[in-house]
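As structure tokens, here come the structures.
Note that chain A is present in both complexes that follow, paired respectively with chain B and with chain C.
Showing the complex of A and B:
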């Protein structure tokens, strides 16, 4: 029999608030940690590839070779840090990691261009970091192509038959920060919410107060929801704090509805706090609960939420596991609301899934928390 | 077990019977096993309205396990019980509504103030809003904490904590109160004050079920169940228990108590020998023979006897003798 009496529910919630107010450690965890994490990771993580260190071996020494070198320098993507005379030094530069890419302009470069033959430029890339290598090669090809088009126009007055007019939506500067900060809000809130509640039931078992509580008419649902309410309020304040930091410190655009973000935050937090409560009820001791809380929130939050790695590229098993990670849904919402300005008309599946997650999570928490001693 | 004494368990022994309608606790064959270990072994008894019913026994005898079953904190392995008229198996939540419980370890919130703890439990027990202030003042008054409502509970002395715990346990004026070793670790004066409170509650009709391992506290109970190794080995009024002492008790005054005990334990005709304060208490099969033989035995070992007399047994003597018999010792 699981009753839900508002008087008892409020008694539990009020007690939890009083305890929280006197517990500095929990207050720091609740308010300082999310802000610190956001600032730290917001500055530390970047997927932008700029200033790729480059060596240019110019064996031609002609006008055209200089122009090509300038094109690389002027692109803003490359930083020319070495200009060895011969090809002998190339191996050493790449071995040491001093440069990531080497461009070799052969002695025949200027002459070939002048006589209308196809001139070859060699690019040697350090492929050990595949991601940067791919991006460096892409930039190189684009720069070389652009240079070819210019030469073609200057020498023969011929234009390329096709040009692409690209326009980038949502994140016009292609700044990875704009992608990272809204994602971080989701990941950080999953960690904080999981940790916040993972201690609360375990602490009562440890201190013996749960035994007293268990001998009273208070129901499981009343304990679970009563403990949840104060943390839900804290979580909503945290989401607001993190969002404000994102907009004013990291200058991430916020284009969507505050109301939809608040509503989905509510569902997301209820589910994740419920997950923490399940852990707390099962662990029954604070140390174990903290460890389980870290494992259940930190790694999945960063790795399986789609924050670091796109879920579409994961093997099927991992992809199925991601459905259990609540940040997976919330991340889509924060990115969508921040960058695309979309709301429930697009993000309703995520919203529904988070509500489902919350109902199941809280139900599990009420079940996992037994009033009986063992 | 062949040495089990005359069975004193079960309801209504020696005029202490309770009319059926007034039985606040009825326990039948209640058993709890933890794996292969039987913590409580087919225990049966009744407790009447307004009684102060004591559970006496050493640590590990099964007192706490029995109380946890009766407060619906622990599921019995077998057996039946009703508490305040509600069936333990079918209506555990109803039972929780009608009892007060104070566990062995202090279990109020140390990081809440006295008043906040009272307010919390008043909410949990559903004390009507209009009565809360009155009940709070009553608890503060009875616990002697009238001027300390704003103090953090963790700062209180143990005696005060226990009285506050008792107060919060009866906030909702339950008809029955379970106290599990409420006074362990508390100084004698606070202990006395605590028992005064128990009497006050009992006088107002509250049934009090209390466990203890203090013998002198057992004397305060209306009826007493002696527990050993999960079984009730005797149940009666304190006076009845004393009268039921299975064998005569002799007190020997001597300066070499420990050596005398060692010698007497192996002597013929002696059931049990033990130190009692500065004297030695010996239960024997035959008082007259012992009076004649024991001084000679001690003298031959060079132990001086300053006095020897048959005495009225204390509850401790009764308890020790009964445990000895229940464990298979030889009866008179």
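Showing the complex of A and C:
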């Protein structure tokens, strides 16, 4: 008997498709989840900080103080929602979360500027959301610095000797959408693999059909590949769906080679599905398989891949662990292909690692399956 | 029937369920391992703090002025130099390969232009991670500006000085904001999964009918299927608080009884949702997947990792219907701001109303599917 016969392979795949079609909830998960995630990240969720709610306490009431207030209003970053007279209200405003940041312009502000003394402006920020607070403080510092430079030029004709010009590459508008959508491609595959494949062998055990499958004249490899094929198809459809929606609906740039993305996706998917099968074979129970699948694929894919949280920020031990997370490499590929427009010439190490991953994943799956049968 | 008897029976039922939870190794894992894994993940991984950005420097000027600016940039601690060169092409390579996230480019004639008062440093940022790039490019621009102000005034103070203070989280650590919030999603997932699995398991085993014909009232049955899990969730809440305070040293400014009260009110909603899921699921597997599908959008729209204030207006309104959002606001305000009922009563009220509503609907549906 040859190890790989296309007819038998397709028979196993067909059986799997039939079973999958009856499992409506898994099917919904397979197609609805990617679209839901994409719509959420495309429309609703972002890290972009705009319209920061601000209170200005102007105790000076002079021309300069008004200019500074106008600089904040004109920046497009802040929304001045309160102008309390005194500093007594600051606590109340911040406690209730009515404003994120309070600027206090002291009574001596105009006088200090006129006499050449340093005028102090106070910024009190609600630090609880550290990220938004950091960004808000950053904008504030920049506006105050620019104001400083203007005053310097007007009063003493001093020009700044050095200026900076910033250019943002790859994601010119700095939209978190552009960062997340390419990453989602990887995360979604993790979910498909983690949740769906982990069920497939466990289901055979639970329903007692495993012995039947073992009794049929199919080889290990045929079972493993046959079981994988439908999920591979679902995964690739998901990737295409996500990419198309991302590009046409959410206008995420796609600058690189479709072919390279497809190739690496195929390898990554094969490896992850293989791992899912291993989990399924080990767990023998659908519920346990789902839980293990989540822990083994979904969590690292989401957290340790650099999808949203920079790997550089993690402690050393976790940074080392990330090298074992295949999604880490795949994410470099998706971002590279979508945003940077680079291809194999830059991303070949990641491509090789994906292929290695696929070989290891499928090999492990075939081995785990043999153990089950004996 | 007399009241004490009823109470005894209820007590027995809760005890039975509670023991069943603790004896099931799978559930025990879920209850005790999941919180620890999550809190470690969110304590160590979920950090949006930007520091030590890998930076490439292209210096075509080779002068003291360019080196001075570079030194000021690295001295800030936000940037670390990973490579230097005098060819702009190297900068492109470094960013394309992802070896550097930021680059500074000093063009030829930089020092000469600076002396005339018209030099420009080119700052280039990899925008792939939009958050790092937003925060980092801001740092870079302000460091250069501060340097220029110092040079322009020959070391004197600039005309306006900004004195900053961050309330509630003086060191601006994202960890202090994220770790307590783990409670929100953990309690949600636990109560959804535990409740729906417990009911569906009885249905799968066929013991639900037995319980139905037993002298237990339907209300008692629901109490039996929710109270043990509520206890487990509260236990997890205490566990998370302990790890947050003792291990991660997150400050706790508010009142613990208020936190527990919020937890109880929040559990009304989440347990109600769990019961609802159990009424539409036939197998444990289905219940598990449904829980996942329900929990995911609730967590994404809660302000847990993505601030509500960054959402479009329509979604901000939508989040008002999300119990997780209100619970997280309470948890964060109690931990970091030390807020009390005076400031938080709207959130408590929202939790109470939603909890009563959800539990009510769930109870009615539960009766229907059961009978």
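Worth a mention:
The rule we apply is simple: the second predicted complex is superposed on the first by the 346 of 374 C-alpha atoms of A that agree within 3 Å, B and C clash if a C-alpha of one lies under 4 Å from a C-alpha of the other, contacts with A are read in each partner's own complex, and residues count from 1 in each chain.
Methods note: a residue touches a chain if its C-beta (ideal position, glycine included) is under 8 Å from a C-beta of that chain, and two chains touch if they have at least 3 such contacts.
Fair warning: this is a prediction, and the values are worked out from it, not measured in the lab.
Shared-chain residue A:129: touches chain C; no touch with chain B. Of the two partner chains, neither chain B nor chain C is touched by A:284. In the superposed model, more residues of chain A are touched by C than by the other of chain B and chain C.
Contacts of A:152 after superposition on the shared chain: chain C is touched, whereas chain B is not. Using the contact criterion defined above for the overlaid structures, shared-chain residue A:216 touches chain B, although it does not reach chain C. By the touch criterion defined above, A:208 reaches chain B but does not reach chain C. In the superposition on chain A, A:94 contacts chain C only, with no contact to chain B. Of the two partner chains placed around the shared chain by superposition, chain C is the only one that A:162 touches, whereas chain B remains out of contact. When the shared chain is aligned, chain C comes close enough to touch A:309, but chain B does not.
Only residues 1, 3, 5, 7-8, 10-12, 14-15, 18-19, 22-23, 207-209, 211-219, 371-373 of chain A touch chain B when the two sit together in their complex.
Those residues of chain A that touch chain C in the shared complex are 25-26, 28-29, 32-33, 36-37, 40, 43-53, 68, 94-97, 100, 113, 116, 118-135, 137-142, 144-149, 151-152, 155, 158-172, 174-176, 178-179, 195, 199, 286-288, 290-291, 295, 299, 303-304, 308-310, 312-315, 318, 332, 335-336, 339-340, 342, 346.
Partner chain A is touched in their complex by these residues of chain B: 68, 71-75, 93, 96-97, 99, 101, 103, 105-112, 116, 119-126. Interface residues of chain C, counted against chain A in their complex, comprise 26, 29-30, 37, 41, 44-54, 69, 95-98, 114-115, 117-135, 137-142, 144-149, 151-153, 157-174, 176-177, 197, 284-286, 288-290, 292-293, 296-297, 300-301, 305-307, 309-312, 315, 329, 332-333, 336-337, 339, 343.
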